[in-house]
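Take a look at these structures.
Heads up, the next two complexes both have chain A, just with different partners, chain B and then chain C.
Showing the complex of A and B:
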């Protein structure tokens, strides 16, 4: 079953994939803590990008408010943990339904009232901003002063409570990226997956063929929101603090979409390649700037901006299709 | 609370709302003609704001006098941005155009952050604390000047579109792209001109807002969103709708700031946006198109 998911990848591509996966598994033994933290951030954005991709890349619905799912899930799991010592793994059972329900509400309102295209994007921003300001005033979870997770009093590696060093978080997020990749691949091969691609290409034609576009788009938004939720739980426990101005902020939503767009929206390797390119180039730039004595806030984002500009002008399909063709990783259809 | 406080706050909100309206007018004009959604609108406004601040701090030039020069600078910037960059994206899919402008927006916000830092900056003019009193009603001089200037600029723009040949030509492009090309209009230049005018609007609005509020680079995205809220509330592509939407949002924010908490005020603006998108997507004065 797993093997069938990879039958469109050439033997050469499969070998490359195996090498990358082996390197990823060995990484904590090779790199130092700083590089490991960069890898964790990279994988985090690869994961959120993959989740977001289900909506934009598959179904063609541009969401600019994915921070709302990250934020709601993060707050749900963190609050349960702080208040009742509920393990984040159990917390997932609250976080995922909450995020999925929120996605369902936004999706229902938008699709039922035929809000689409740019209007849909703005609607998603509006919901995320509404949540951000709402949580700023939601004093039960700390309001704008933030919510903090206790860090002491746990064993050094307590996987059940997600308390521990960066190596543990690294393997958790790596597993999440692999699972998300497999889910998306399976989704893309399913009947629903083909329906979604049809909707992305031409919604009217899809409806004319008898596809229930409303139902399919709802499924896409619920899957995407639900898949984003574990990322929120992860980031809450990794950072040990939550501020509405960070998790719900529009810059968070924008950063989520950068990786898949730069790698190639709609492709499965795109979010991963994009996150790696984005974070590694940005960190290299930071190191170089620090070496020459420039330490300015905003320089990383300016670089993001120029990279995005370059991609939309020179490679609007993202980098992955070019890489895949160059190294003969996927079979031609 | 006595009634006159409500009246005072409402008048302040309406005057600020007029400036918001002018800002949104720029967005509305660009969308109405070029059919490109300017996701860098608020960021363009922060450029104007920092121009005004630098001119005041270094040369002591009053922002109200700098209104026209800064609007011209933004016009030129907008003109060439459209002519050289955005024109190539006219036929691209929506999300591609959107990403282009998001990239431009990210660059503007963070370049300003690198130059000016994250701290709030403001302009203290000789009339910063002046006010006019009519009976029990007190009106801030800064808001009165800003709101008045916004009306003047908006009327000039409407007159331009209605009574000049170029304005008519631009409206022709908006109505029928192919038709405009057939009768020999240089659509690319007219688009550039329109984008320039939209940028000039937001430049003028930014220059006026400087005397009312403190400026940080982070205002850019916030005002982009606010401009969207306003034009969608008023009706995308409608000039009167933009002004009306601006006044409505300005008034809502002021009243929410008074009745609840100033930091929660934009929640109400977003609440209005959601309601309008769902129940009257064509906006308050917009017409429903099929």
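Showing the complex of A and C:
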């Protein structure tokens, strides 16, 4: 089963994949704390990008409000933990349905009333903004003053309560990225995966082939929102604090979509490559700027802008398809 | 032969314009039925009404004994009507094989089963060798063939073909005609086609309906229809004056 999922990757690609995975597993023993935190952020955006990709990359529905799913899941799990000491792993059982339900509501409103394209994107932004402002005044979970997770009184590596050092968080998010990758790969090879691609390519033609496009788009938004939820739980426990102005902010939504866009929307390696390119180059730039004595707080965002421009001009399908072809990593069916 | 498709008094208006005006005809099961007429006669609109793209403003469409007027396109397809689009609508970024896969998955239980069927269909339409190409890289004749392959892959009882021969060379037209004949004879697929290429219409059709300004002006076997004065005047013109 697992082997079948990789039959379109050349032996060379499989070898490369094995090396990358081995390096990823060894990373905490090699790199320092600063680099490890960069890797964690990279994997976080690779994961959220993969989840977002189900909606835009597969089904062609542009969501610019994925922060809402991150935020709702983060608050759900964090609140359960703070109030009732519920393990984040149990919290997932609340966080995932809440995010999925929210996705279903947005999807139903949009798809039932044929809101598509730019208007759909605006609708998703509106919902995320509602949530941001709403949570600012939601005093039960701290309002704009934020929600803080207790850190003391736990063992050094308490995986059950997700309390501990960055190494633990690194392996958790690495596992999440691998699982999300496998889920998306299986999805892409299923009937529903084919149907989503058809909808992305031409909705009218898809309908003419017997595809219930409303139902398929609903499935896509529910999967995407549900997959985003664990990222929210992760970020709440990694940061130990939650502020509506951060977690629901539109800049969050935008940063989520950058990795798959730059790596290649609709491809499975795209979000991972994209996140690596973005975060590593941006951090390198910051280090270089710091070394020459320039303190520019917005440098990362400016750099993201330039990278996005470069992609639009030089590789509109993202960098991954070019990389895959250049290094002969995938073969065509 | 009983009627697989019955179109009864179907009317479709776009604001003031009556695109299809009380058109009635029966397509017998296993037949090849052609709709011809000058540009703007309402042929494609009629197709879109049958395929569920538009709901009719009047009349009804009965397919396999059931009233299907106003049902959604995907439901009509599930009932057994496959269609092509006059302006082809491939899934451009997907391979030829995956394009047809999407049609095949309607009735095949697993992607593996579907793929086998897809290879058969691709072979039948001479697209097998191009199966790994992106649909966007195909030439127009190949795109037309892909359009047909995708519709056939859904295993329809009735196939609606909207000008699939346009732009094909005569030899390619003959090849396509042979494909449809075989499909009809060996697999019992009923075919309703809109066509301007009279060479194909005369070679294929058992019966012909002529539309003009949205209304049916003649119906019958090819031989009788091409002799009707109204048809000669409105559509065929000088071609038959000899």
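Quick notes on this one:
Operating definition for what follows: the second predicted complex is superposed on the first by the 332 of 333 C-alpha atoms of A that agree within 3 Å, B and C clash if a C-alpha of one lies under 4 Å from a C-alpha of the other, contacts with A are read in each partner's own complex, and residues count from 1 in each chain.
Rule of thumb we're sticking to: contacts are C-beta pairs under 8 Å (C-beta built on N, C-alpha and C of every residue); 3 or more make two chains touch, one makes a residue touch a chain.
Small disclaimer: the values here were computed from a predicted structure and weren't measured.
Taken together in the superposed arrangement on chain A, chain B and chain C fit without clashing. By the document's definition of touching, neither partner reaches A:157: not chain B, not chain C.
In the superposition on chain A, contact of A:327 is made with neither chain B nor chain C. Measured by the number of chain A residues touched, the leading partner among chain B and chain C is B.
Rounded to the nearest 10, the angle at the Cα centre of chain A between the centres of chain B and chain C is 80 degrees. In the superposed model, A:213 lies in contact with chain C only, and not with chain B. Contacts of A:93 after superposition on the shared chain: neither chain B nor chain C is touched.
When both complexes are overlaid on chain A, the residue A:6 reaches neither chain B nor chain C. In the superposition on chain A, contact is made by A:205 with chain C only, not with chain B.
Looking at the shared chain after the overlay, A:194 reaches chain C, while chain B stays out of its contact range. No C-alpha atom of chain B lies closer than 10 Å to one of chain C in the superposed arrangement.
Shared interface residues of chain A (contacting chain B in one complex, chain C in the other): none. Chain A meets chain C in the complex at residues 189-191, 194-195, 197-198, 201-202, 204-213, 266, 332-333. Taken together, the chain C residues at the contact with chain A in this complex read 51, 53, 72-74, 77-78, 83, 85, 89-95, 97-98, 101-103, 105-106, 111, 132, 150-151, 154.
Here chain A touches chain B in the complex through residues 56, 62, 109, 113-115, 117-119, 121-123, 125-127, 129-130, 133-134, 136-137, 144, 250-251, 254, 261, 265, 296-299, 301-302, 304-306, 308-309, 311-313, 316, going by the rule given at the top. Of all residues in chain B, only 37, 88-89, 92, 94-96, 98-100, 102-107, 109-111, 113-114, 117-118, 217, 221, 225, 228-229, 232, 261, 263-264, 266-267, 270-271, 273-274, 277-279, 281 touch chain A in the complex they form.
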